[in-house]
Amino acid sequence: MIEGVSIQMILTFTTLLFFIGLYGFVTRTNLIGMLMSVELMLNSEAINFVAINMYLFPGKLEGGMFSLFILALAAAETALALAIILQVYKRTGSVDVKEVKELKY
Amino acid sequence: MSWEQLFSFMQNEILIVLAILILMMADIFTGKEKKHYIIHLANFLFVVVFLAGLNVLDKEGTLFGGSFKTYPLVAFFKSTLMAGVLLIMLQSVTWIKKELIPHGFVSEFYILMWSSLLGLFYMISSGDFLMFYLGLELSAMPVAGLAAFEFYRRRSSEAAIKMVMLAAVSSAIMLFGISLIYATSGSIYFDQIQMASEVPLLELVGFVMLLSGIAFKISLVPFHFWTADVYEGAPTVISNYLSVISKAAAVYILMILLFITLRRYEETWTVALYILAVLTMFVGNLFALRQQNMKRFLAFSSVAQAGFILLGVIGGNVLGIKTVIYFLLIYIFSNVAAFGVVHMIAMHSGKENIKDYEGLYRTNPRLSLLLMLALFSLAGIPPVAGFFGKFFLYSTAASKGFYILVFIAVVNVTISLYYYLLPVRAAFLRRSENPIPHFKSDIYSKIGFIILALGLILIGIYSPLYEYIARLSEIL
Amino acid sequence: MTDFGYTLWIPLLPLISFILLGLFNRFFKEPGAGYIGMLSLGISWLLSIYTAWQYFFVWGPAEGKYEPVIPFKMHWITFGENLSIDMGILIDPISVMMIVVVTTVSFLVHIYSRGYMHGDEGFARFYAYLSLFSFSMLSLVLSVNLFQIYIFWELVGVSSFLLIGYYFVKPSAIAAAKKAFIVTRFADFFFLVGILMIGYYAGTLDIETLNNLSFIEKIITENQGIVFMGLSVLTWALILIFIGGAGKSAMFPLHIWLPDAMEGPTPVSALIHAATMVVAGVFLVARLFPLYYHVGDGFALRVVGVVGAFSALFAAVIALTQEDIKRVLAYSTMSQIGYMMMALGVSGFEGHEGLGYMAGMFHLFTHAMFKALLFLAAGVIIHAVHSNLMKDMGGLHKYLPVTSWTFLIAALAISGIPPLAGFYSKDEILHAAFEYSTVMWFVGFFVAGLTAFYMFRLYFRIFHNKKTEYAHPPKEDSKFMTAPLIILAVLTFFVGWVFTPFSQYVTPTREVFHYEIHWTSPLVWGSILIGLAGIGAAYFFYFKPTEYPQKVASAFGAGYKWAKNKFYMDELYMFVTKRIIFDKISRPAAWFDRNIVDGFMDSIGNTTVWISEKIKLIQSGRMQEYAIYFVYGVVILILIFYYYNY
Amino acid sequence: MDILTLFVVVPVLTVVALIFTRNLQQARLTALTGFLIQTAMAFHLVWKYLAERKAGNNDIMLFTKDALWFPDWNIHYSIGVDGISVLMIMLTSLIVLAGIFVSWKVDDLPKEFFISLIMLASGVFGFFISLDLFTMFVFYEIAVIPMYLLIGIWGSGPREYAAMKLTLMLMGASALLLVAILGIYFHSSADGNYTFNILEIAQNAHIPVEVQKIFFPLAFIGFGTIGALFPFHTWSPDGHSSAPTAVSMLHAGVLMKLGGYGIFRVAMYLMPQGTQFWTDFFLILAVIGVVYGAYAAIQQTDLKYINAYSSVSHLGLVLFALLMLNKVAWNGAMLQSLSHGFITALFFALIGMIYGRTHTRDVRQMRGLLKIIPFIATAYVIAGLANLGLPGFSGFVAEMNIFMGGFLNNDLYRKILTVLAVSSIVVTAVYILRVVGMMLMGPPKEEHKNLPKVFWYERTAIYILIFFITLIGILPFWWLKIIEPGVENFLKPFI
């Protein structure tokens, strides 16, 4: 519980963060930028869980634990994604998302 | 929660972890020239895990305060998935020998695939959203790695990046939905969410986001776009795995969520599933119609199949569960067989296009026959198993009075029959100047193919199997 | 009571012969096949004669009335309680008369063909067909059931088809066979509908029941209310049945197949297209005469009479102008059948009023003899000259004496010169017509004159007229061919006065009455005179080559041209079939099927493929677009959920 | 094992035996042996059926056998026959037998050819013995699919297109059928104890009228498509013309009968009120099919197209008769099914023989075949005459029953339609004689002078078929005796 900050404000913030992440994902041309956007989205959810737990269901632990796992998985995901991006870079010579549209139709 | 309970309820998962560990150790101690022994070991280990899994089919109970549940149906389903993975593993031997051993890795493939399977197991056994989420991610990430396995091919990397990025976005969106559900219900346990009485708008939004996340995995339209690209780019074995195992598991958890946790919204999700089913069938079929690449073709076919599966889900009760699980079993056999043949041909001749299959029957009659059986099963033509599966799906939808949906589905079957007949036409009807030459599959593949062929013919006709599933499904 | 069970063998013997010759065609060589046919028909013929003798003379009329006998009858297909197709044998005066006619002519034709078809490679086949025809025709006339008539009606039709198309290598024969079959088939369509109507509205097809007066009374009252265009359904049914008969009997306007049917071998023309099959229509009307007479006040019967009279006139006029001898005879046949139809049409029912009926039947009987004779004679001539056209003939009297004399007898008979057969029957018809209406009589009278004229035109031009030089001197080289001529000539000579009055045998009610020719009556003299006048005119024009025919022809101008071209009936039919049925119905139907119906089915497929092609751009390969679609999906689902829950 | 199941088992065993054959000689002998047994069984069945009826057994279905298959859905493997199915089974055996003789010289993939052919036959047999809608549907589809391969691999002309079209149209139709079957199933009983068994459903008579009105047309069109119902017949001209001889025979001779049979057994029997509601409408389609098929046949130049359209016309008569809803017409419909089966099989067999010799099916390319191959040509004439309804052959008795049945209805509407249908006999004569005149008669062509004479196996096939055509034509009452009890039983819902 943070004084002077209501749950609505936090949720509005996280929602904004989520959509910024989403927007980033669809507009970035750089794969790493896109990955960062995804991280943004995941982080917004992590905050979400913590805040909801704290504000609405103070007696419980689930939300907090959930956000911990989200962080862990986000890290794993980033690692994997970066590895694959590296591979893409090796094959295409760039990390531009426009380069990865050979498979289509 | 005693140790005995832990070991018996979670036996499959624990054994898989053990198998993974054994394989890791073995990998360390085998030299570069002896890597192919790993293959035998891995197959042996998995057979052991599978057979051991048959022992715990009747266990029922919960672990970790309801996070992990097991009951006969899910145990059976896990065995089914393991059978599917085993069949895929049998097929992958050729690939491993040809593509992986030269690059020095073998066990990695098995480890990643088993990890993914482990994730799926946790996902379908989950009793809360946390376990569900963990399982989902655990199942998705290794596959993305597997998709990138043929790292020397550009397409493999492209498939992997598409998979990992889109999966990340999808799980992010789903997670946001889960957080909203958590916000309104105050719990992440499926059972407790079910209790809540009022339906706030926020929860609906959350629910839709959750649904879309699962839909992504099942590849329902419009969440399916990754499917074809990934299937085409990834190694065939991985496409095979994605198209059957991970999809089947996702369908299972979707049903559990819908039927137990979200029973309250039945009317609403019925409408949603209706629309998704129609869209999925049409889009999947219309895209599959003009594909030339067999893998891409099967990708869209499996999108369309997902639409048919929804026909059973929409039945929304025991009927739905049993028909869908029965169908999934058949679907696993059919699709694994189809992908298996495609894989085998690609391995031996490097050809993946329908046109290349011309005259196949005259050089490789048995493989062609298996391909035909598999495709007919996918299309739903008796006496092959697929017909029975599909028929029960239709019946389920019809039992709720969705005759128009059934009609749309059967119209789609007709469309799908057209494209399923295209490879058959190429293989049987046409002759070619330079057909794919005759080749011999290795023993593993042969065993796999024989099991598949028998399964395709017998699963449908042999009704006790269906009755067994039906009995297990009385969990609601 | 005499047992007529043996009559079953009358049709069966030819059937056996057909099966033998048909199935084992390859094993029978030339004379053998002929003798099998002759033998079976010979026995049939003897049996028929025996039957006639038994029926008319031994058994005789009981209290002035011949009772019908049904020695054999079985249900072939049962439709309902009374409604069924039966197979059986009905012995009554007209059927007995018919079997005598059929077996006699058929037997003689079988003998004659032994000579005529000598050396033909399809000899056995020819005899098989002849046997098939004889079987069908005999079964037809012995029918107990209207549907049985129809069945054998079709069978005689197909035998006629096979025999006309016997020389199947010849395009004209093929065309003629097809034409004959299709035209009669077209008429049979009406016949069948008529039968169906009778079956439904009368509830039975049994001939004896249908001809029962009280039954007729009953069905008339039952179906009184059902009227179309002022005529009751039963009348319509009878008219439709008559159309069937008209088709087979070549009445106007369904006559066009008959002249072309002369493409068949000449014995066939004699048997089928002169003596027996073509009179089936007459037989049919006679068979159902009580119905025709009573239903709808005999309206249908009046139609029969008018059509008959018109056809008689129409055909006679055309016959005047034809050059092909067989065609002249064909038109003459048509004209004579028109006569018979007219006779039936003008007939009354009870007692003396049944004169027309009796006369019609009598004419059928006598006509069979002399027309068969004419055709067989024509066959000899054609065999000898190898041509059908009169311009290739002339002066044949000295080459073919037997033929010439027998032909003359037949010609005299058909012209109505006493005491030959034709005179009696024709005179009775004219008498009946006169009693009915003067117009009818006049038509008949006029046609009698025309008949005499064209017959003797034929006779003189063949046997006298110019002296033609022949490459091979024509001769009568086969006894098998001349013997039947002589027999028939004898019959032609005698049957007329032997069987007069015919009313002892055949009457509408089967009750005999007595009828005598009033030699003093002007009608009798008139008909004799008009016959003589016709012969005289023909002598004047044709005995020697003269200029007169040319002049007269040009004097008639357009009329002559029309008659010579058969009043352009063929062209009209051609127009209807080729231009309307083929071009305007069938071709569009086929086009419609391929392009509209099938096109529609194909277009379903093509549209699917087209859509598939169009929507492929959605899957662009750009993963960001995929994410956008993902979000769209979520938004739309949320909207749906919102709509359904709030 | 009971005598009906053997009809499915023997073909399957034959197929298994065929898998081990090595060449054409072995394959055809195996197939022939299998089907000789099958034919013997068919006759034995007819004989046993007659004996059973004579012994006073008045059940709707005889030799019934019932085994629970999917208890959860109450799906049974339920079999039984009445006179109609017995005759259909006989027809099928004979036509397949004739078909095997006709395909004596399949040179390409002979083993596979016979396997597909016999698979197809086993589907048909299964369909005819089934009493359970589910089993029936399964067998129906089993019968449809081998068709694709048979036409596609061994066919001629645009075979791929034709095979695809045939398969898709028939499967599309079976889609409708499936919906109808499910509709019937879920309304089959009041207490939620749903059943697929035809007899039980009919006994329950529980399907509401409104429901019948919806599902009857689906079932009718579903079955009607394979029975060449206008306008869903267009697969048949292409399919028949591309199919190999034996397949055309079997398809036109037997498979298309599944349509009429199914309508009779399922659509009408289970949904009588629906039938009555829709009959006027479908009668029009049927009559259009009858007349229009005949007219369209006049214009065709390909022999197989002529017969395909002729089949549209003649099978239109079957549907027409069924819709007349009376005993006479239904007798006629059944006879017509049999008769058309034999006649059209004979036709296609002969066309195959002619094509095998002259390598053309265009009537304009041939002349005077009667001189060159008299046996085949004569048989063709006989087939033609039988087809145009000449007495003495089967077509006539069937058609007369149909026309009379049609006319025995009280309303004028049906009478007028009957008259229209009757008019097709004239048109039939036209197109048959056109072919006979153009192709068989006339002076023979120079290049055809030395065509091989008929072979013994061809002769056997022709004899088998002609024998039965005439047998039906001459002794209709014998056949009707077998058919009638079935017809009467199935007419009961309408009285």
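We call the chains A, B, C and D, going by the order they appear; numbering starts again at 1 in every chain.
The rule is simple: a residue touches a chain if its C-beta (ideal position, glycine included) is under 8 Å from a C-beta of that chain, and two chains touch if they have at least 3 such contacts.
As the structure is a computational prediction, the values presented were derived from the model and not from experiment.
Peer 1: Based on mean C-alpha positions, which chain is nearest the centroid of every protein C-alpha shown?
Peer 2: Ranked by how close its C-alpha centre lies to the overall one, first comes D.
Peer 1: What whole-number Å value describes the gap between the mean CA coordinates of subunit A and subunit D?
Peer 2: The answer is 65 Å.
Peer 1: How many angstrom lie between the CA centroids of subunit A and subunit B, rounded to a whole number?
Peer 2: The computed centroid separation for subunit A versus subunit B comes out at 27 Å.
Peer 1: If you average the CA atoms of subunit C and of subunit D, how far apart do the two points sit, in angstrom?
Peer 2: Each chain's C-alpha centroid was found; their separation is 37 Å.
Peer 1: Hey, how far is the Cα centre of subunit B from the one of subunit C, in Å?
Peer 2: 78
Peer 1: Hunt down the residues of subunit C that sit against at least two other chains at once, touch-wise.
Peer 2: Residues 605, 616, 619, 621, 623, 625, 627, 631 of subunit C touch two or more partner chains.
Peer 1: Identify all positions of subunit A at which a residue touches two or more other chains, and write them in rising order.
Peer 2: Residue numbers touching two or more other chains: 22, 25, 34, 100-104.
Peer 1: Could you say which residues in subunit B touch two or more other chains, in rising order?
Peer 2: Residues 161-162, 165, 169, 173, 228-229, 418 of subunit B touch two or more partner chains.
Peer 1: Every touching chain pair, please?
Peer 2: Per the contact definition above, the touching pairs are A-B, A-C, B-C, B-D, C-D.
Peer 1: Quick one: in the complex, what on subunit C touches subunit A?
Peer 2: 616-617, 619-625, 627-628, 631
Peer 1: Spell out the residues on subunit C that touch subunit D in their complex, using ranges where they run on.
Peer 2: For this pair, the touching residues of subunit C are 75-80, 83, 85, 147, 150-152, 154-155, 158, 161, 165, 168-169, 171, 174-175, 177-178, 181-182, 185-186, 188-189, 192-193, 196-197, 199-200, 581-582, 585-587, 589-590, 592-593, 597-598, 600-602, 605.
Peer 1: Show me the residue ranges of subunit C that touch subunit B in the complex, using the header's touch definition.
Peer 2: Within the complex, subunit C touches subunit B at residues 605, 608-609, 611-613, 615-616, 618-619, 621, 623, 625-627, 629-634, 637-638, 640-642, 644-646.
Peer 1: Subunit B touches which residues of subunit A in the complex?
Peer 2: Result: residues 11, 18, 21-22, 25, 31, 34-35, 38, 41-42, 44-45, 48-49, 52, 56-57, 60, 62-63, 65-66, 69-70, 73, 76-77, 80-81, 83-85, 87-88, 90-92, 100-104 of subunit A touch subunit B.
Peer 1: Spell out the part of subunit B that touches subunit C in their complex, as residue ranges.
Peer 2: 161-162, 165-166, 169-170, 173, 199, 201, 204-205, 207-209, 211-212, 215-216, 221-223, 225-226, 228-229, 265, 267-268, 271-272, 275, 283, 286-287, 289-290, 415, 418
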